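Shared chain: chain A. Partners: chain B in the first complex, chain C in the second.
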Partner chain A sequence: MVAPALVFAGVMIVFPFGYAVWLSLCEIALGQPPRLNGGANYARLAADADFWNGLRLTLLLYVISLVAQLVIGTWLGLLLARSRWARGIIRTILVSPFMLPPVVIGMMAIVILDPSFGIANWILAQLGLPPRLWLSDPDTVILTVAAIDTWQWTPFVALIVMGGYLSLPGEVFEAAEVDGARGWQRFRRLTLPLLGPTLVTAAVLRSVDLLRFFDVIYITTQGGPGTASTTLNIMAYRRGFEFFDIGYASAIMVTLSAIIFGSVLAFARLRRAVTW
Partner chain B sequence: MVGRRLGRAADAVALGAVLLVLAAPVLWVLLSAFKTRTEVAALPPRLLFTPTLENFAELFGRGDFLDYTWNSFVVAGGSMLLGLVLGFPAAFAMAWHRMTWPATATLFARMAPGTLFLLPWLVMFTSVGLTGTRTVLVLTHAVITLPITIWVLLPYLEGVPRELIESAQIDGARAHQVLLRVVLPVVVPGVVVAAILSFVFSWNYFLFALVLSGLESKTAIVASFNFVGEGVTNWGALMAAAVVIAAPPLILTMLIQRRLVGGLAAGAVKG
Partner chain C sequence: MKRRELIGGALSAAAAAAVPARAQSAFDWRRQDGQTINLMFNNHPWSQAMRDLVADFTARTGIRTRIEIFNEEQFRARLTTFMQGRSADLDVFMTLASREGPVFRKAGWYADLAPLLADPALTAPDYDAADFSASIQAANTFDRQVVAVPINQEGPLFYWRKDVFERLGIPEPRYLEDIPAAAAAIKARDPNIIPWAARGLRTAIPYAFVGFVNNLGGSVVTPDGKPGMSQPASIRGLEMYANLLKEYGPPGALNHTFTQVIELLGSGRVAMVHESSNEFANIMRFPNRAKDLGVKILPPGRESGISKPAAIGWGISISAHSRRQPAAWTFLQWATSKETQGKLVSAGVAPPRASVFQGPAFEAWTAELPIRRAWAEALVRLGREGSGVFQPPTDRIPEAREKIGDAVQQVVLGRATPAEAARMADEELAKLQ
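Take a look at the complex of A and B:
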């Protein structure tokens, strides 16, 4: 009964993956069959300033967003758990951001963050603050993207944290109450360690999506201005589908896949370390 | 007591602020979709206005947006069904034989960047003459829906009592009869969650259709993205498109809210 699914996965996932790895080892000129070129694409990668810029931006976006989402998500998740607030209309508001199509998130950002006609700068003006070029300032565009993703996915992290917290054994907390552990002490010594596995789960899910982040960047900036938001996935896409530099694009994609798998494995080890 | 009450008030204020930050942009899009061309870009913003449907009239008046919306339904529905047809028996076999490596293997598709598959797919589908059809989108989106289906269904299927199945086998039922008549009715709630999540993720998915769809098979998601690319200055119509493509996922997920997060995180816990 597994056979149909395995055949499908073989044709649609495993074979294409192998094919992409092979392409990444080939020189591909239009009108000629691919020719193995002994890792020249990877050598080119190592010498390409654009690649290192892409890697830097990918990791920057990843670290900023992940930290923000885990910290705010933990705070919000515990807040929700305290009064079991995630019900009805509140839950609808919480899940809406991450269930919206990324294209809608992008359109929303374009309209709200427009430098002249967007409401974001109007609000800044009311507060007496200078306007910002949210999506067109090369120095801060990656922060804007990180903020958009944090807006969208922090509620997801919060709901995971809430679920994890509510499934913890209540006696532990009663015992701590008796021992007089309160506030920060209680959070630092008790809640946080107990939530370890839950937080690792949330971190894995967000890591995979953040490292291969594509949609919202491509919709709002296409990687610009210049290359200021050209993360590795955006770079791979543009090299492959706009410049048809197939072998090189494949090498970037394979490298990015390796980074993602590496991070998932690292979190799998971390989970064993924090499991109680 | 006073301290506790103060704490509660502080919690309520904090939660209110969070909900405002989360809801305001979504409401802003919704309101903008019902404003006239001049009202939509007016600053200070007009919160009180006479709602109009002219943006939706313009959007669907262009003719093809209705076709693209239909394409989205066909692709999301088709890949959801394909995911269930392939994933339900596979998940059952995995639960029955307590073998999880195939499930773990499907996580691979969930981790790899979508761009990685696109070039090989393009070559594969060109060689069989399928490029630009909705079939291609159904097949490629099933790469998303299959892992979702398997991982959402696994815990439900592991909960099916083994005696139930064994007694059906003793009665001489064939494998597919056991699956459809004995197992399926017990795990309907899981199938509903898997189907809704699959549909929503396929509906929302952008990258595969961006590259692999043709003029005829374009989804509403890609068509909306093209509006942005064309530099459409009519924000009202843009926001109307956003409302149209946002409605199905929001309405569907409301039905399974309580199981939503567990379904999305399935696979990350064990895998």
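Take a look at the complex of A and C:
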């Protein structure tokens, strides 16, 4: 009965990952068979300033986006759950951003945020505010990319939170109301703990996506200006496909996969801790 | 004999070797009738036009085609995957031999076209390989191995809004040093128009940048083949290119490549650009640009008196792993024949064949509009005076170009002086040699 599942996992997951690990341990000259190089690619990673910069940017983007999406998503989810009349239509609208292909999101961001002809700066000008460089400013590019991802994926978190909230036992809230718990106190002491497992699930789903975030960055900045948005994914892609340095690119991706796996494990433990 | 002449003649020599046999030539366009070949192209005016023309090829040869066109980055990624996997599914691909030629050849990815050219049974008697100029042949020949046949010639050209210059009373830049002065005057007299635009995206910079270095008398390579960004004239070129972007370029220029530059020029928001000759047809699609634009080769440096911007040419190659090489070669011949290149002219593809460039069809087409004539004249000069050298000698060309682009970005961002950025670039470039 489990044989098909095992075969599927072996062919589709274990083999590609195992192959990537093997490539990461090889020196690969184009057109030549890979040659084991005794982990030299990993030693090179440790000494590569670009790798550490990529790791820093990957984690920075991850933390900023995840926090923003969880906070705004929770607020939006609770708002939706409580206003029954708006739920249907707003839910439909909310679904739209994350139904859009990343290429469309990237192209939209380029057009909207272009400092010369984008509508974002036009709106700022109408409000009497100075123009921004958005994706072209090395100091703000990660924030801008995080904002794009937050715009796209916060509704996803909101829908998860709304579903989680609506499945909570109503009598607990009624009892809290009888006991005089209101507003912030009720949210902090009751809603948030009860939503814990739901939020951890949302965090796991978004973590995997955020740590392997590639498409929108590649379309909008290609890792620039300079290396200001060269996350590990972008770095690995460029190393592999533009510089034909496939062994080193594989080492970067295996390292990133380990980070993703580690974060999922950490959230799995957290989920056990917050289950009620 | 000089090396350039030696390799430059390889394509012609291969064809010439076939001449005595031509008397018994059994070449037949329909010899590969019934085959299907797979073609992978970069998104380019040539490939877009080819998609419409390829039905003619099938009608003439009976060979069917499957064409895939991708944007350049995706094209290279997919090509690398196919070739590294030794896939026999791909038969023909576009290549920029000046960029990836050494690496691809070392990897054994190119089929050698010289034996095909020399085979009278496989090469049309009127193909006339010698019609391609020696420099274009040389760019596609490595140690007598012909890796590609040329499909176009291109390079960055200086486009400027003649109407804006006239309205603001600013003379047309005659020397490179006149460009910053003109940009300053435009900025002072009309704040509604962006004075200058050029590529600011790191990997895209060298194509447009190298002309600034060369025209001021510098070079990205020293005479002994070492990185040359720190040479005084090269630093001046770096400073001028970066300052133009910084002081007079559009906001966000560091993420701009040809798409944004052309959009700005086409929509009438910028007064001067240094952008590809290849984009000429796209620029002409915007209203009024055919009337109000001027185009010429990048003005020479005042002291050096030379103009030597980048000059490149795409080619098409046959995969060494292809099992349908004769059919693929039939396609290459048809696509680079005089007849097909003549048809491609109207799509704005600059023909690499001298006979087409100087032929009546091209002449008639350029005579229709003054700007077409100016474009054609600029291309003649580009072919004659341009340079295929974008970086110091290395097999790791894409990385080297990124280091040069990075130096420009550091200056634009104010994170390094031109001298510092040049020194750092040279150190990095030396590691790639």
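What we mean here is this: the second predicted complex is superposed on the first by the 258 of 276 C-alpha atoms of A that agree within 3 Å, B and C clash if a C-alpha of one lies under 4 Å from a C-alpha of the other, contacts with A are read in each partner's own complex, and residues count from 1 in each chain.
The rule is short, and it goes like this: a contact is a pair of C-beta atoms (placed from the backbone, for glycine too) under 8 Å apart; a residue touches a chain by one contact, two chains touch by 3 or more.
Here the structure is a predicted model, which means the values were calculated and not measured.
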{"item": "First (chain B), second (chain C), both or neither touched by A:276", "value": "neither"}
{"item": "Touching partner for A:9 - first (chain B), second (chain C), both, neither", "value": "first"}
{"item": "Chain C versus chain B, contacts on chain A by residue", "value": "B"}
{"item": "Which of chain B and chain C A:136 touches, first, second, both or neither", "value": "second"}
{"item": "Chain B versus chain C as contact partner of A:117, first or second or both or neither", "value": "both"}
{"item": "Partner chain in contact with A:224 - chain B first, chain C second, else both or neither", "value": "second"}
{"item": "Which superposed partner A:242 touches (first chain B, second chain C, both, neither)", "value": "second"}
{"item": "First (chain B), second (chain C), both or neither touched by A:32", "value": "second"}
{"item": "Which of chain B and chain C A:184 touches, first, second, both or neither", "value": "neither"}
{"item": "Contact residues of chain A, present in both the chain B and the chain C interface", "value": "117, 218, 237, 240-241, 246"}
{"item": "Chain A partner contacts - residues on chain C that touch it in the complex", "value": "73, 76-77, 80, 83-84, 103-104, 106-109, 194, 200-203, 250-255, 260, 263-264, 267, 269, 396, 398-399, 406, 409-410, 413, 415"}
{"item": "Contact footprint of chain B on chain A as seen in their complex", "value": "1-2, 4-6, 8-9, 12-13, 15-17, 19-20, 23, 76, 79-80, 82-83, 85, 90-97, 99-104, 106-108, 110-112, 117, 119, 122, 151, 155-156, 159-160, 163, 201-202, 204-205, 208, 211-212, 214-215, 218-219, 233, 236-237, 240-241, 246, 249-250, 253-254, 256-257, 260-261, 264"}
{"item": "Residues of chain A that touch chain C when the two form their complex", "value": "29-32, 114-117, 131, 133-136, 138, 218, 220-222, 224-226, 237, 240-244, 246"}
{"item": "Residue ranges of chain B touching chain A (in the complex, touch as defined)", "value": "8, 11, 14-15, 18-19, 21-23, 25-26, 28-29, 32, 41, 43-45, 85-87, 89-90, 92-94, 102, 105-106, 108-121, 123-124, 139-140, 142-143, 146, 150, 175, 179, 200, 203-204, 206-207, 211, 221, 224-225, 228, 235, 238-239, 241-242, 245-246, 249-250, 253-254, 257-258, 260-262, 264-265, 268-269"}
